[in-house]
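Okay, so subunit A shows up in both of these, paired with subunit B first and subunit C after.
On to the complex of A and B.
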């Protein structure tokens, strides 16, 4: 009873018991994570084992040697040299390039359209505002596959056949087999134009740096935009004319069944590109709107009060802050475009899924291998985009001092 | 903890499931009570849905004959539609028990793809269809043409070979199904539609003005079409193979769905007797009873009846028997003997 308790010393260590693992908060946390990890690993192991077992049962070998064999099929749109004697691997590369082409074109167009729509959506003009609103609500609430099929249907069914092509200035032809236009053919002297362009770019960035340094030192501003425009675009154009226009155009011509020569945008590419861009632009527009609205009006007022002109207020105050809100959701829209491009299969655009994941898979019977390749490719595209956008996001994010 | 138990139970359950389904295909089919049959998405005469929504045609009839042999009931078939691209995966994964969908028997499919073709029910070849307005009379005049082609088929490979050998160019317009190909062909997205000649004739018969479209004279390949099963279950392959052979043999010996009852009571021809079960017990050798072939013939008909009913000269498809006639009548259809 009269025993005094020494509060300063740590409480006596109780001996270890199994029950304690569960009652103690810390060890319980570790235990649960451990069990979850074991469960996860065993599911993965089971699935892998299942695959191996089924492969053995079917007597199918696993390997990627088939990629070296002739593909034996033709692909109508190939950015690199390809014919039916090329290997499956090359067919896969053709597919990859086609996917990248439509993804990159889609990202560019969707971004431009999205920004325009987003700004229109904020317009004080009631009609413009409502029209943008209706467009966005219509487009983003209809599945993208429907858009793709719709545009493809319109292009193929409503445009004329090659012999009745819509002819614009004997150079551009619009048919249901594609949009044909002249192709530039470079002549020997064209290297001068390319050199001029390279010099222009170098000079432009050098000028911008010195101009910025000058502004930091003296506060004097230089016409950066116009000088950059002039050196990057103006200089090559000047050299182009001075060197006697070393560029000729190969005109598309109707020969037999189809147009030959020139460049062609096939209806499959056009419909996929337009559908993906129009669809994703509606989402981007909402991102842009939310980004701009997230910048409090006080910021604009403060900038105006400091005497900044409206344009500079927009460029220096509103947009940099809006971008911080816009970029993260924009990343997922870019990822969506890339992944949605696999819907190409519905209209016969030869992307990765149609080449390596479709015809090659079917002709060689290597389902597992082909699907692994397709999966790996999409994953690496998406991770690359994600990586780049995250880098950009960090660059523009608020740096606190 | 709950989550973990759920996952563990699910994993164990799926393990148990996957281990259970390894008996023979025939036993599996009998256990589940129906035959799962892979067919095409639709080719007039070969596979189409009737007014009641049931699948009919030359290919589903093979499935029905097998179902009749096993169950004595042609309605005990469930159909899975497959495209040229999905068919082999569907079969290999066990989603269907057999495929009967104008599929060409080739070396690599029979070996490397681990499938087993059990016979040929239609000897075909790849042809070309063009609008007569184009004025084309030979496939060799097709330089620069756009060609609609179903992806994942042998025709796709033959096409590439044909144009390469003849040194002419073309634009391949890849299409998933026969219906899509028709739509694109009619819209003028392609000048030419190529597939098996029988499929072209069938497709043309559905057009508003069949006379405006011509089949070119070139047949550029051999396309032996037939039913197939997964590799590795020979008993099941035997059953499907001999059901098909029974239909061909029945035609050869004049056994039809009309007279099969009478013939089953016994005839002077021992082969007919063995086929219909009044002599010997062939059915037991493939795991069925004596009357298996009798049921198939009674309920579906012999090969000739099936041909005439679905795609023959009296139908809108109007295909001639040609090489698909019996060997005794100038064709190459030939069943091994029932002995």
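On to the complex of A and C.
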């Protein structure tokens, strides 16, 4: 039994109704977005209204002119000229530099330790492998703040006073006031060494490029590693000796109750740096391990079957593929170091949170402005690091056909 | 029979050569397989020999477990002075919770264990009914701890110690999972404005440290409320911690959602399932299964991050520890305090991570390439 349907005419249009706005997928989407927008805007307006009302009630102005006022507080570690007569803005810059210093140092040390630990974790040697496992599991499962306080406590309470400092070769002194070491003092001719270094770096990378092009064209290999090593490290050393060693060392000396001169790493910086590095290294080690494990064994076997020696198998086949897996989580670990450096405030290391978000905030009573600055700075750090890492990640990521 | 010739089928079972079986084989394979390995083993063993005896001595053999003051400790032994922890154990556990009401905290801990059981163990008899108790537990626990309705009310400012850690940790974990899932779905949504709002929120939270958010909660939140309103510091902290970890959960769940093949969505659509039904019945169960390790890692992170509340003046174990270190009688014992707290966190977080590994193995059914 068949019914004839007229396919040529358009389907019957039902008339418009309010209910249809919700049952139709498209209009419902628009409606939901509209509602979300209205809700979001009204919440923002409500909060902003409250803020304005509160500021009026308290008679507080809003603005950043307080940054120009005298700060009236000291910062024990400053990379640029700073004293208590400097402005709040300068204190903020000192704080930012301190944050960046501990973050960069932490990233370097954590990466080195993390890669070593990750490789040890994969070692066929049972003892080494278990030891790395115990370290990683213990460190990962304890809050970083506890690490920081523990190391700070050990440094401050267990190390000797300056008078009984642990003395290494009469130049390095480990005390409960910090770690003292000789400071390099450059003489005018030192610029020649720096120039030689710059030339060496440029030459090394140019050489590597031409060598790779040559290899691609002719198959001829060049001693890239040795040439790069020679021009980056050898050349500056050569110039250094030729120019008559234009560098001297200022030794730290015990004067009164503490050491004077030389370079000093304060216990606050040391404990924050060590704690952040040791903590993050455990996470990086796990990333490295899973990255190396992610490269299937067939890849190694294929490379060996092609006749590549072990070392080149590692360098050309395993590591490039492992890096692809390691880099994205590594980025978030770097971000974590940067963000965790804000815990500095717990031990009195003067980073950005302790200067602008701490003392300046309490002195000036400008909570809103100070927190906006701090949040903005951290956001920009995070976005910058993830931008660079995404760029790098895109560069090395697999090009699929 | 002459030695060396055997009738076919009647070979005697000879023992494998020495070194090819048992302990010796294991030692050879795992510790002494190559010259490099031998050196590595010896160096590591020497390092362990240097480290372990002093550490064990400090922690157990030379340490003092009961003492009245630090000087008393020094007289009794050269190692750690656990007597201090022993004296302050009550404070480390309950904070400043009123002495005569501490049974309520104990009861809450016990009930918490009972509520956790059906959630974690799926072979429990009558699990279905017990899960209702687990659902009700947050309210019962809140009532027990806060008081009211027949119990003596207790100010939240008296909460402290491990109890505070558990309160913040458990509340954060329970609340952040659903919020995180909704945020992840929002970020994957086809509706642009919803997606932008969710992405903006997630990226903002993930871009700043938790401390700054806690600072915002403790110093600035009053500006955003109508003049004259204040609300509880602990509540503000709970909200901030929840929002913070929900952003991280959202990213983990998003990873899981992206790993689900498009065919699953399309199949659900083809079955005529609406958006929420297809998410609830088809997509989310698979996505959540994949993201379990990440979710548990976020929970562990949240639990560890509860220590940050000392910076805005709440007294979690670290806060109690720091406060009690200023006691003249017990000065200079920071290592003992922090090691003790580290052990507590290690036990909690390590068991969480072991459970997640167990769960991952149990649910391992597909969609993972290995």
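Convention: the second predicted complex is superposed on the first by the 394 of 401 C-alpha atoms of A that agree within 3 Å, B and C clash if a C-alpha of one lies under 4 Å from a C-alpha of the other, contacts with A are read in each partner's own complex, and residues count from 1 in each chain.
Just so it is clear, a residue touches a chain if its C-beta (ideal position, glycine included) is under 8 Å from a C-beta of that chain, and two chains touch if they have at least 3 such contacts.
Predicted, not measured: the structure shown is a model, and the values here were computed from it.
A.B. asks: Scan A:258 for contacts with subunit B and subunit C and give back first, second, both or neither.
C.D. replies: First partner only.
A.B. asks: Is A:378 in contact with subunit B, with subunit C, with both, or with neither (first, second, both, neither)?
C.D. replies: In the superposition, A:378 contacts subunit C only.
A.B. asks: After the superposition on A, what does A:51 contact: first (subunit B), second (subunit C), both or neither?
C.D. replies: Second partner only, subunit C.
A.B. asks: So, A:43: does it touch subunit B (first), subunit C (second), both, or neither?
C.D. replies: Touch partner of A:43: subunit B, not subunit C.
A.B. asks: Of the two partner chains, subunit B (first) and subunit C (second), which one does A:188 touch, if any: first, second, both, or neither?
C.D. replies: Neither: A:188 stays clear of subunit B and subunit C.
A.B. asks: Just subunit B (first), just subunit C (second), both, or neither: which does A:345 touch?
C.D. replies: Both partners, subunit B and subunit C.
A.B. asks: Once chain A of both complexes is superposed, is A:137 in touch with subunit B (first), subunit C (second), both, or neither?
C.D. replies: Only subunit C; A:137 stays clear of subunit B.
A.B. asks: Looking at A:32, would you say it contacts subunit B, subunit C, both, or neither? Reply first, second, both or neither.
C.D. replies: Both: A:32 reaches subunit B and subunit C.
A.B. asks: Regarding the shared-chain residue A:19, is it in contact with subunit B (first), subunit C (second), both, or neither?
C.D. replies: A:19: touches no partner chain.
A.B. asks: List the residues of subunit A that touch subunit B in one complex and subunit C in the other.
C.D. replies: 32, 36, 50, 57, 157, 345-346, 361, 367
A.B. asks: Which of the residues in subunit B come into contact with subunit A in the complex?
C.D. replies: 1, 3-4, 7-8, 11, 14-15, 18, 22, 84-85, 88-89, 92, 108-109, 112-114, 134, 142-146, 151-152, 156-157, 159-161, 163-164, 170-176, 184, 187-189, 191, 230-232
A.B. asks: Can you list the subunit A residues touching subunit C in their complex?
C.D. replies: The contact residues of subunit A facing subunit C are 29, 32-33, 36-37, 40, 47, 50-51, 53-55, 57, 123-128, 131, 137-138, 140-147, 149-150, 153-154, 157-158, 339-340, 342-343, 345-346, 353, 357, 361, 367-368, 371, 374-375, 378-379, 382-383.
A.B. asks: So in the complex, which bits of subunit A are touching subunit B?
C.D. replies: By the definition above, subunit A touches subunit B via 32, 35-36, 39, 42-43, 46, 50, 57-60, 72-76, 83-85, 156-157, 161, 176-177, 255-258, 260, 267, 345-346, 348, 350, 354, 358-359, 361-365, 367.
A.B. asks: Show me the residue ranges of subunit C that touch subunit A in the complex, using the header's touch definition.
C.D. replies: Contacts found on subunit C: 30-31, 33, 37, 40-41, 44-45, 48, 190-194, 197, 204, 206-212, 215-216, 219-220, 222-227, 300, 304-308, 310-311, 318, 322, 332, 334-335, 338-339, 341-342, 345-346, 348-350, 353.
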